[in-house]
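In the part that follows, the structures are each spelled out as structure tokens.
Presented sequentially are two complexes of chain A, the first with chain B as partner and the second with chain C.
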Partner chain A sequence: MTSLVLPVPPSRRLFAGRWGKVLRGASGVLLLLAAWQVSVPLVGLSAYFYPAPSDVVASFADLMRKGILPVYFADSMVRYGAGLLAGALLGVAMGVLIGLHRTVAITLSPLLKFLFAIVEVAWIPIFVVWFGYGFKTIVLALVYVVFFPVLYNTLLGVRTAPQILVNALRSLGASRLQVLRYAILPSALPGIITGLRVGAGFAFRGLVFAEIVAAKTGIGYLIFEGTQTQQTARTIVGMIVMGLTWLAIDLCFLRPVERATIQRWGLTVDAEQRA
Partner chain B sequence: MRIPVAAASVIAAVLAGWWLAAHFAAERKLASLQPLPGRGSYSITLDFAPERFHQQRMQEAGRLVEVRDRTVYLMDVTPKSLHAIAGEYWVDKVARWEGK
Partner chain C sequence: MNIPPPKAATWLGTLPFILVIAAWWLLPRIVQYPAYMLPPISAVLDFAWESIRDGTLLKNVLWSLGRLFAGFVIGMALAVPLGLAIALNRHVAETFRPVLSFLQAIAGIAWVPLTLIWFGIGNGSVIFVIANTIFFASLYNTVTGVQSIPTPLYRAVRSHGGSGFALLTNLILPGALVQLLLGMRTSMAYGWRALVASEMIAGSNGLGFMTMEAVQWQRTDVIILGMIVIGILWMLLDRLVFTAIERRTVGRWGLLQR
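== the complex of A and B ==
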């Protein structure tokens, strides 16, 4: 059978595919930056109220030259990594425990629901009183933020593990640990990764707030300090760095890990197999 | 999983490069001051007027006595702390100081 293939117009080919997507995204950003730069003299406000993109670039260069941005960035990333890791480990452990033990679930459910309703922002002042300003308080706040999405997604994964696999393993004489290792955890893994991705996003937002309240370094502190010292361009640098860092984390770590996990471990059945 | 591994490798390489650059920068800046005493007083000159961040960083290394223009005067600085401070790329010059 012959098929008719219509030629794609060159203008469409330029913006097609993966690079086309990137180009379109970049053109949107460039357009916004151009509009921003042009609007500054029209608005006529001082750089404190409305800094131009060129002020922000100059501020970025200044923060780099003075060594402030690298240190603040590193401090933020260490806190973020520690909070994310500890929160994820705790969330997974509790999720598996609650998912497998009915008594534990009944005992802890009301408490967890109660704690879930209290946002981390409310805890930070108490953490400051208990642990002082700095690393411990910020990491604890992040653990709190990451814990719940990971817990609930792990719980969902554990509870929706295919019973047929669990029964098959049990009938073959597998121990509880083997059932967990070969059936429950692999099927819960996509849920865990989804929870981790959600928690990672929440933690990134929480990081800014925690650093504003409880730190003297970090990107969150830079955002806060910028407005305090009337260097609004620094605040915007901090915001841009946060945004770009999140994009990089998502693109380089979270999304590929999620995709690989679902492909490798997710006991998913696609539509073709179902049919 | 190629992207996360590549990204982690890039981060590790940047950190190692950063550490090496700081180490050699410190060696270069402190070469004329060797041997360093157990605790000493030093004047640390920056490329710019120090901000609160730099003063806090200096206070971690020793007792900050005075800030004059682009220079910070420190006392009770251990060789290890001095090495760490001298490794910062924003530190221009480190010299002995008689102290107050």
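== the complex of A and C ==
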């Protein structure tokens, strides 16, 4: 938005406007790729230590041809979706419950704080002992990551629901459920979305780690297995797919949802920086 | 993310802990299950006492904290100057923003397989992963921080005769610092996870290593102790370090929006 450079008249800019931004961004990506490709012969290490972009492209084509990448990708996304959905539902339910009952809040908050501090990463070993390697362990870990930010932000939303609305509904004879449906949940929604966004970010790294440790398919497994089998280019394909997937989730899903709920109501405070 | 402190009846908060411990104590007396699934409390306490006495627990904690600190310092030391350099030129900032967003998206644990090849098992790999996590989070925060400084402030400094250096020390550095500090809790939360996770895969000691290695021997007592220590350490870090820093800086400057 701001810079030390005084604004240049539009006609003199090489890349003006929104497309200029996109073009400049694309040139940054190309610059990085070029530097990587050029550095490979300079570094002079084997492809096992330092594969070139061309190796990675070949490996990507190979993974697509054999149908490995689509299957792994689908597996990862199913796990991620399931974990996110279950974690968010649990978080909202618990957040509403705690937000509406003071005694429940006082009773549960120390335990919840302690559980929150035991990060999901630390749960994975015991989940492995309890549930073995695979779907259950991974999804449980994701539920665990998403649950807490959604819970705390729902709670915040429920607590800040305008009392005047609640009173108005009550005096018009609304039932408890109606008060929840028409006053509390709508005002908690921006909080829920913020929580989901924060949780989604942590859950994405959590997914990759859980798949490294406890899976035999998925993007995380691809990243890990590549180096184990001396196919380092595969690892890098996995990392690139992971990064692009996150950017796509953020751009096509999280940001639009946030815009549709939070910003429209003028409630955006620091959702951007919390993510 | 804090539940407002309750005014009365704080003792209620101990109730769930007592219930959990009671359930844990009662469970083996009611249901039959293999002992390795959930060891009795006494086993965990015995192991805790033993590992405190012979110093292995403290050693692991210190290893982990040391790596976190090293990774944090390296990541910050690289990120802040580079971030300032990028942010001070809008064209450079716009050029590198997508690359940075991408690298931030893969920062952390996904690098462990590569670092295992490059540095082998041990400190090198773990510190690289933490520094990498902190670096990209802080770089992004620095760039955003500088860019969020309102233009009138630049003009104000300039019209009062502030030169390039004064601009840097009086406006740009403090402006970036706010965003860095506000983002620190989140970047450290990522860094902490990266620490535990990379120790589990690429460590030769430390809390993450201790917890994960125990899976092979089905030593659930070790796993549970590891989890509890990880939880307590994070709470202490949050309470004693991050909250204190926040209160002394952005809180005092009136910039905290919580």
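Convention: the second predicted complex is superposed on the first by the 248 of 275 C-alpha atoms of A that agree within 3 Å, B and C clash if a C-alpha of one lies under 4 Å from a C-alpha of the other, contacts with A are read in each partner's own complex, and residues count from 1 in each chain.
Just so we're on the same page, a contact is a pair of C-beta atoms (placed from the backbone, for glycine too) under 8 Å apart; a residue touches a chain by one contact, two chains touch by 3 or more.
Just so it is clear, the model here is predicted, and its values are computed rather than measured.
Asks: Touch test for A:43: chain B only (first), chain C only (second), both, or neither?
Replies: Neither partner.
Asks: In the superposed arrangement, which partner chain does A:93 touch: chain B (first), chain C (second), both, or neither?
Replies: Touch status of A:93: no partner.
Asks: Contact-wise, after the overlay, does A:34 reach chain B, chain C, both or neither (first, second, both, neither)?
Replies: neither
Asks: Quick one: name whichever of chain B and chain C touches more residues of chain A.
Replies: For chain A, the partner with the higher number of touched residues is C.
Asks: Mind working out whether A:252 is in touch with chain B, chain C, both or neither, as first, second, both or neither?
Replies: Only chain B; A:252 stays clear of chain C.
Asks: Kindly classify A:57 by the partners it touches after superposition: chain B alone (first), chain C alone (second), both, or neither?
Replies: So A:57 meets neither chain B nor chain C here.
Asks: Touching chain A in the complex: which residues of chain C?
Replies: 1-4, 6, 8-10, 12-17, 20, 36-37, 88-91, 93-99, 101-103, 105-106, 108-114, 116-118, 144, 147-151, 154, 167, 179, 182-183, 186, 189-190, 192-194, 196-197, 200-201, 208, 211-212, 214-215, 218, 220, 223-224, 226-228, 230-232, 234-235, 238, 257
Asks: Using the touch rule from the top, collect the residues of chain B that touch chain A in their complex.
Replies: 1-4, 6-7, 47-48, 51, 53-54, 56-57, 88-90
Asks: Which part of chain A faces chain C closely enough to touch in the complex?
Replies: By the definition above, chain A touches chain C via 1-5, 20-21, 24-29, 31-32, 48-49, 98, 102-103, 105-126, 128-130, 148-149, 152-153, 155, 159, 198, 202, 204-206, 208-209, 212-213, 220, 223-224, 226-228, 232, 235-236, 238-240, 242-244, 246-247, 250, 269-270, 273-274.
Asks: Which chain A residues qualify as touching chain B in the complex?
Replies: 65-68, 71, 216-217, 248, 251-253, 256-257, 260
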